[in-house]
Structures are given as C-alpha cells and as structure tokens.
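Chain nomenclature is as follows: A, B, C and D, assigned in order of appearance, with residue numbering initiated at 1 for each chain independently.
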C-alpha cells in the first residue's frame, strides 16, 4: 500500500513535536512537508527544533528542510495537519483550504462554525460530512476539520456513554490541567507554578461550556443539533507535566440505581467498530479503574498510548447526581493524537488509501 | 492582666508546631504544659521536635520538659488545646474532660455529636453553649469543644454570607488540598506527588458533606438545627505546601442579579464584632480579590496571618447558580489558628481573663 | 533453551518492583519465587504490592503467592536476587549463602569485604571469582555477590575510561540525587523536598568515597588491589523522581590536551565484548552528549533503557583538572538493572544456560 | 534626619520588585523615581507591575508614575539603583554616570573593570574608593558601583574568613541555583524544570571563577590586587523558588586541625563594625549550623532577612582539603539586598545623611 502523503503546519512547537512523533512511524501516513515560522524556514527540522519528546527524533525527519506556511509547498500532500497557534491559524488555514487543501487542525478558530466538523471520531465521526458544505458556504476547494480543545476532548469521551444511556441535564466540571497544555517557552513560568496552583486559564471555561454540546450533538440533515445539557466549568492549572484531570458532577435524566450501573455504562459501551480499527484508535476509549486513588496524572496519562481516558472514583451523590474523575493525555487525546485519528478517519472515509 | 494558663496535647507534630508558634507570643495565653508521645515524654521540647516552622522556636518553650498525655500534668491550666492524631484523640480527650479539663481539639472524634460545639467563631460562636450539656450527657466535669476539618473551615466561612443573604440549596465543591494537610513524616510520600495529583483523600469528602451543615446550623433551644442544603464534595491532593484551594458551585434560593451582588454579599457582611476583637481574629474573615488569577495558594495563603480566606473568580453560571474559588491556610484557619480563636472565645465568654 | 530459574527477596519495595519489571520478560531468566515481609507472605504478589511502575504487572507474576524469606522456599532456583533493606539483608543473605544459594544483592552489607565481588560487569567482571573463596572464608556452600551503591555505579562507569587512559589522582564529586533513591513510603516526605534541596544523605558520601576504589581495583591473585586515587564526595537530594546527576571534577595523572581528548576517551573506550552481549547490557555504557544543557535527569535517565550513563559539559578547568557531569538511572543502572546484569554474567560464566 | 532621595532603574522585573520592597520602608532612603521599559513609562507603578512579592505593595509607590530610563528624570536623586537587564544596562548606566549620577547596579557590565568597585560591603567596603578614578578614566561626573553575581556574593562571604585565617589555594564549587535567579517571565519554563535539573546556566561559571578574586582582592594604591587562588565552578539549576545552595571544596594553605577550627573561623570572624551598623547589614553575615541536614533552601534562605549566608556540613576530607555547603538568598544577599547595603555604605562614606 502506498502511504498517504501528509504535511504539518507549526512543527517545532510542543504540539507540533507530538505530531512529528506520531507521524514519524505511522503505518498509513508519510510526513513529507513541515512548516515553521518565517525565521526557521529553510533550516533543517533537527536544527530548528528544541526536541523535548522522550523518544529520539528520526534521522529522516531531522534532515527535512522547513518550509514557510504557504500552500504552494504543500500541494503534493493529501492531508495537512495544523499545530499553528490560534493567533495565526485562522488566516493561514483558510488560505490553505481555499487553495484546495484538506486541513485537520488543532487550533481554536472555526471550531464552533456550523459547517466545520469538530471531531472526536469515536463520538461523532459522522459529523465529518459537515465539511462538504464548505465549498458552498466558503468557496473552499479544500476543507477545514477541527480537533477540540484538550479538556473538552477528555470530558466529552467520558460523557458520551452517560448521555446515551441516562441522558444528561447538567455537568459541573473542575479541571486540574497540566503545564504542557500551555505550551513550552511561552507557557507557564516556573516561578508561577512551583508550590502553587493557578486558578485561571484564559478562554478555557468558555470552550468547555460550548464545544462538548457540538461534539455530542446529532447530525440532522446537513447540520448538527447540539446536545441539550448545560456545562458549568472551572479551569485550573496544577504542577503536573502532562495529563488533565477533571472532577465531574453530572445530573442525569434517568437515575442510575448505583455506581455499578454507571461503571457498566462505560465498560459495556459499544464504540463504533470502524473507528476502533483505525491505527491510532485505542482498544478502550474509556477505561474505568476501581481503585480509590486513581486516575492519577503521572500513572495513567499514557493509558492506551495516551488515547484512552481513565475514569475513577465513581460515586452517586444524590439520586440522579453522580460524581467521577476523568484523566486524559492533553497532548495526545487532547491534541495531536486525536487529530491524527481524524486524519485516519478522513483517509478511510474518503478512500485515500 | 494575668495570662490564662494553657496546655497542648500532641505538641511535636505539624499542627502541634503551629499551635506552639501561635501560643509562644500570645497576648492572653501562657503555654505552660506540652505533651508528646510516650517515647518523647521527659525530653526537652527543643530536643524532641523536628521544628519546621519558618520562625525560630522560643528558648523558653524549647527548654520545657514534655509530659505524658495524662490529666494530672495539666491540672493547673485553664484550657487544653489538642493536636492529637484522630486515632488516639477520642480516648485521651474524653479522659481529660472527665477529669475537669476544658479541651479545644482539632481532632475528628465527637465533631458531629449533638452536645459538642463545632466552632468557627465568626460563624457560630453561640454554639459554644452546647458544651454546657456535657456534664449531663456525659458526666464531664470539663468540656470538649471541636475545631472543624480544614477544608470545611475554609468552605464554611465563604458560604456563611451567601447562606444568610441568598439562601443555599446545593453546594458542589472540588478541593485542591496542600501537602501539609496530610501531616509531615507519615504524610504524602514525595514519590507519590511530584508531577502528580492524588484524586482521593480518605474521609475528607464525608467531612465536607456533613460538618458545614452543623457549623452553619442555628441554635434552637439547647441543640443545633442543621442547615438545610446539600454538599457534594470531591477532594484531591496537589503539590503545594500549604493552602487549600476549593472550586465551589452554589445553587442559591434567591438569584443574585449579577456578580457584583455576590461580591457585595461578602464584602459588606457584618461579622460579629465581639469576635473581631479577639486577638487571633482577622479584620476580614473573607477577602474578595478582583484579579482573574487569584486566589493562588502561594500568594494568598498568609492573608490575614493565615486567618482570612480569599475568594476570587466569582461568576454567575446560570440564574441561581454561581461559581467561585476560595483559598485558606489549612494549618492556620483550618487547624491551629481557628482552635486558638476558639480558645480566646472561651476565655472571653466564660470570663477567664 | 531452558530458562534459568531465579528468585527475588524483597519483592514489593521500589527496587523489588524494578527487579520484577526487568525479570518478567527476561530472555534467560524465569522468575519463580518472590518473598515479602512476614505480613505479606501467603498473599498474591498483585494483592500485596502497591505497583507504581509505568508498565503493567504481568498476570503471571501478579498471581504468584509470596513466600517468607527462608532458603527452603528457594531451593529450586539457581540465582536469588536480593532487594532487601540493608537493615535485614546481612543476616538473611548469609543464611541463604550458607544453605547453598547464590545471592546477587543490592544491599549494603558485605560490599567492602575482601572475598565479596562488588560488580559493575563492564568494569570488573573478572572480580566475580572473588566469591569462590567464600566456601573457605565463610563456609558458604553458596555465594554472595554485591551490586554497588547507586551513585557509585554511575560515577564509576564514567571514571573507568579516564582511569585507564589518563590515570586518576583525585575525584571531587557532588551528587544531585533523585527521590526514588530513598525508597517509596519510608522515603523522603513531600513536605521536606517541595521547593527544597536536602544537603545530606545518610551514609552516601562514605560509600562514594570507598566503593569506587574496590570496583576500579585490579585482581591480583585472589584479591583486589584497590585503585589508588582519592574520592571526596558531597551528596544532596533534589526534587526529581529518578536519575542521579553528579558534578565531577577529576585530577588526572596525564594531562589531556583538550576536551576532545577526554570525549574520545569515553567514546572510543573498548568495553569488554563478552559483557556487551549479555541481554541487559547497553550498547554504550557511557554516552557523551555535546549539547550545553545535557545531561538532564528527566530527558536522559532512560538512555540505553536506563543502563547507560550520560556524560556532558566536559571542560578542562586547569591543566590536569577536568570537570564533567554524569547522569544515570538510580533504580536501573544504580540498582536492579545492574544486578540483573550481574546475574547474567554469573549464568554465562558458570555455564548455567 | 532628611532621607536620602533614591531612584530605581528597571523597577517592574523580579529584582526590581525586591528593590521596591526593601526601599519602600527604608530608614535612610526615600524612593522617589522609578523607571520602566518604554511601553510602561507613564503608567502607575501599581498598574504596570505584576507584583509577586509576599508583602503588599505600599499605596504610595503603587501610585508613582513610571518614567523612562533617562537621566533627566533622576536629577534630584542622590543614588540610582539599577535592576536593568544586562543587555541594556551598560549603555544606560554609562549615560547616567556621565550625567553626574551615582549608580549602584546589579547588572553584569563593568564588573571586572579596574576602576569599578565590585562590593560586598562586609568584605571589601574599602574598594569603594576605586570609583573615584572614574572621573579621570571615563570622564564621568557620577560613578558606577557594582553588585556581584548572585552565586558569587554567597560564595565570597563564606570564603572571606577562610582566606584570612588559612589562606586559599583552590576552590571547587558546584551550585544548585534557584529559579528566581533566572528572572520571572523570560526565566525558566516550568516544563523544563519540573522533575528535572538543568546542568547549565549561561555565563554563570565564568562569573564564579573571576568575580570572587576581585572581591576578595586587596586595595593596593588605587587598584585592586586580585586574590591568588583558583576557582573551578559548575552551575546547575534546581526546582527551588529562592536560595542558591553551593557545595564547596576548599584547598587551604594552612591545614586546619579539625572541623572545629573551621567552624570557629566563621563564628569568631570580626566583620567590620562600621558595616554591621548599616541598616540592611545582618548581625551575622555567616551563620554556621551544626545539624547534619542544613542548610536547606526553603528553611534557611530568609536567615538574617535574606542577608546572612548559612554554612553547614563542614568536613575535613583530607589534610588541607575541606568541604562545606553554603546557602544564601539570591534575590536579597545575591542582588537587591546587597545593592541597598552598598547604597547605605555610599551614603555613610560620602556623608549624604
């Protein structure tokens, strides 16, 4: 089988590096083109990047010359992944889509637009069709498909079985988010976070309160009917490297009879088989642990190679009010890993293989 | 004025050390007797303690000989503070009370008993009278008065103005608790918490779900009518030294018209003047900060010398549903500081000065 | 090939868990018997252990019943690895050796005894013969072979090429040691080390100042002639999980002409080929990195699966005085990994395969 | 007494904030003028600064309007303290000195110039006269006086008594430096340092190897004869907030007979009385602690309000070779505190009071 050629926008940042790590040995994709900011274009990737992944960079990718973020350099690839910062992503990605390229992006802009799929493949792979409207609505020859906010992706996976089985009325969530969610050099200064918690992450609560409703919404004709519950979110930053932990209280429409019924809802949930067979999909999108003291960021963030979320401490607090904690790897399921999974879905759905 | 003689049970542990620090230069109290575990009795305090406070230990206290936790050694003191571990506190404190001593204790046992005051003086100083029943109910010649759980004390202070002004229906709280809440040597191993969060603290959620209802309850005759709302709590441990941060969502009976009305509720609240004049009472039991990124454990835990709690990020999420974060020093307001304040209240109320 | 049957003393502690992880899928060894403290004997390993490794425990080992640390339970195994705490290791290991068992131990007792091999196989595999004297000197039917102190193992590997090529006169070393070197539950309390460094590790400097001289000594007849240089050591504990970093200043007999000559000494060193072919041996026992800011504990500790040490920041400070930093994984090269390598050496040398 | 009017260059950064904290309530100095980078000039200090000190900012200073770093705004002050970054300090400070202003600066440029005093007042207050030559050598109407590098200041204080009493031949030092030494926002990213040590600090070793020789040198006519020993330095960054810890091995000319003789050298040293009477001078510039496990950054950095350095773990390793650890507050003794002390010395010596 010939590999599908892919490119990457914003390859030297933290999320960019995770993309490189995942694409370097990908069974379906061949990473052909990498862009960087103007100052680094023309340099070899290995020279321009301050590589901080825990696996070594492949020699082949290390030797690749970085290109500017211009469509002409990407014209031979089938999928362009984007790890651009949100401040520039909107303009660049639109330019790419107009010129005929398919962009699978981790950046914020367009996520809530009605003709833009916001995908967690296990939950709403069928929303991918939304993007077909972009030729009409935007005059794009290509398409833009979006990856959700990191905390949202983790939360939404845990909510899906509950929504389907019990119905959801209200979700109250407090996140304890890891440092890598804020990026590397421009991220959290060490003096701010040692022996400390930051009780605020700009824009995060708004994303958590809106994105899950679209993701968990239902295709109705050519649009998404948003899910009908309310999310109240509080976002904090804690001194962990990776792995967002979330304390979730849900009010359900049906009242589970006990914690066992909730645990079964997750354990027995039938995730779509066609997604499970994609290379980056984990065998269990949601893992439930029975121990009192799990999930823990350091011990559980790599579950399912970072693509599973881990649920624990399930407790019914009142009839119809349940509490649990959920943890996921913010850079993998919450960013590059989920985006690569979207790329795989796209390649399969539209027959690129 | 002659100082009131006081004693201390469990003086070498972490909470014990904070008691010593606060009592060492107290304007009303003179710390006369300190107990330690059997192995340390007979040694000088300065030799037995592994002092980790940030202020030096006074020479006078350092030279004091430790005594066993037996009432006979305390017969000349008017108030006995207890920093005993909960595993032994029940039996020892009961023995002290039976032999005529007044015990103000930080330990868990008896907190929910109907004849035992569970006090945050600014909130419910009048509950102190409950203890007068103990001669009848228990045959005590002395009394036992209790300090609440640390997270509870911090939460309850922030809830009091809301309860009085808007009424409370339900409180959903997730705590991010500091390491010192677990004690020193037997506390959290460093390998458990570096680059990690522990999603569980044994017994903590049960305390948070029960104690506030008693504290915020109303004296009715000789008993307390518990407050009529529900608390759903999740407790986590984060890598901070001191200062418990709590993410709180409240459902109120009356609907505040906006965040300003909530902020005013805290700012304009009239805390009882007689408590404000006690030496350890802060001028503001609740401080509200307007910045987006406060309260922070490291920056705010020493507010009001550790006796104020700091509220921030006040937000109305839905009509009648408000969110805020509150922070307090777990060893001061959440333990020794609040207990010393109870001691001052006792001394004033019962005329020991 | 039939696997060599091995046992493990002290299997539930931190070093014990690393042994289990390394032996669980070992190509030569089959882990048959595991002991634990009396309270845990009879329980299944998976129930007794608080497993904190980052890879899951195998089902097979999880189901094994723990036995007491008595020779009778180990009589069918060929090698017994010991992760016992030093306080009990001496007595137990002697008992095992007397009853005919071969013990490869990570514990302190006997390390400096003249008839006990203290091995880093790449450096001094030939010292293994020392143990043959134990039947005469101690009346053992079995043998005791020792693994060095963790910081010592890392330092000694970096010193070996320098000793051989330039000769050593004096080594001044300051260690920055990770938390896992102190063990798990009885180890460093989190309150001691967050935002802190501990300038003292009991017994560590003495080990660093004596053990390398034996390891780097030369077999002369049936005894070891210790190496003839001086080590001055300072040991500190820093807030890292794993990976001891050491700042080393060496005074050499010959004066290298420049940093390149030093780097070549490490890079071109011919480690014994027979050791390189053992399953746990790394392809490069010493890796030299050219970047200014390496080695770093978190980024480099897993080099060579934890069996390589990483050298960096090589600098000639004065003629004949050179400085470098070296890092190694304290639980792997500094403990269980090196011990397993010793086991492999034993099996090969004495034809157990 | 009228206060001496002083100004501050670079007031919003981390060192700038410590200057403000120290000058806000200074008994001799009145902080009149504060500069900031062009973008902040014109704003109130309280609006422009992201205040992260642990004491509140005074209202008076908070209300001050920031000025550009131009001499005309400072013409009414007698001493200008400088917390400018080294990249701009050289040019700005020279301009200030040319226009007649006395600049006491924490920045690197000019530190090693022969006509520039590099002062730790307790050690070399008499070097202050060097600056009188600047009118001749540079045509300055004002003067530039320099504060040493942070690690250097701490090390040099500990060396002074040893140099005077035993003579020094060689000093081998490894530093474990705190995060605040690298500044706040442009400092160490949290992702670099959590669970990690950085084995490199740009330029630091060179400073440690040169500055102490000037500081500990002797005035000879109008120039400084540098001290005649060698320093070999290794600098690392560890995850502590404040407080640089240094592991020091000294080779002395005279051989102390035991650790007691070394300890007495520090304890009995006669620091110059005129310096001790300056307001910011600590009563003990060097404190020696006898405990095995001290000094520790978190417990000892505030000794003497951050102006004392703390020595511990004194050990004679060989005849004439001694090892100790020394700790000091990098922002106070290592930066703003020492500079304020220099300002006090200047005011006293040149009769500004």
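Just so we're on the same page, a residue touches a chain if its C-beta (ideal position, glycine included) is under 8 Å from a C-beta of that chain, and two chains touch if they have at least 3 such contacts.
Remember, it's a predicted structure, so these values are computed and weren't measured experimentally.
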Count the touching C-beta pairs: is A-D or A-B ahead? A-B
What's the farthest chain from subunit C if centres are computed as the mean of the Cα atoms? B
Would you kindly state whether over half or under half of the residue numbers at the subunit C/subunit D interface are used by both copies, giving same or different? same
Chain centre separation (subunit A, subunit C; CA means) in Å: 42
If you average the Cα atoms of subunit A and of subunit B to get two centres, how far apart are those centres in Å? 42
Once you find the CA centre of subunit A and the CA centre of subunit D, what distance in Å lies between them? 48
Can you pull out the residues of subunit B that are in contact with at least two other chains? 52, 194-195, 239-241, 299
What part of subunit D is in contact with subunit B in the complex they form? 52, 54, 194-195, 299, 302
Contact footprint of subunit C on subunit B as seen in their complex: 14, 52, 179-180, 184-185, 187-195, 239-241
In the complex, subunit D touches subunit C at residues 172, 174, 176, 195-200, 202, 230, 232, 234, 236, 238-241, 245, 247, 249, 292-299, 312-313, 317-318, 321, 323, 325
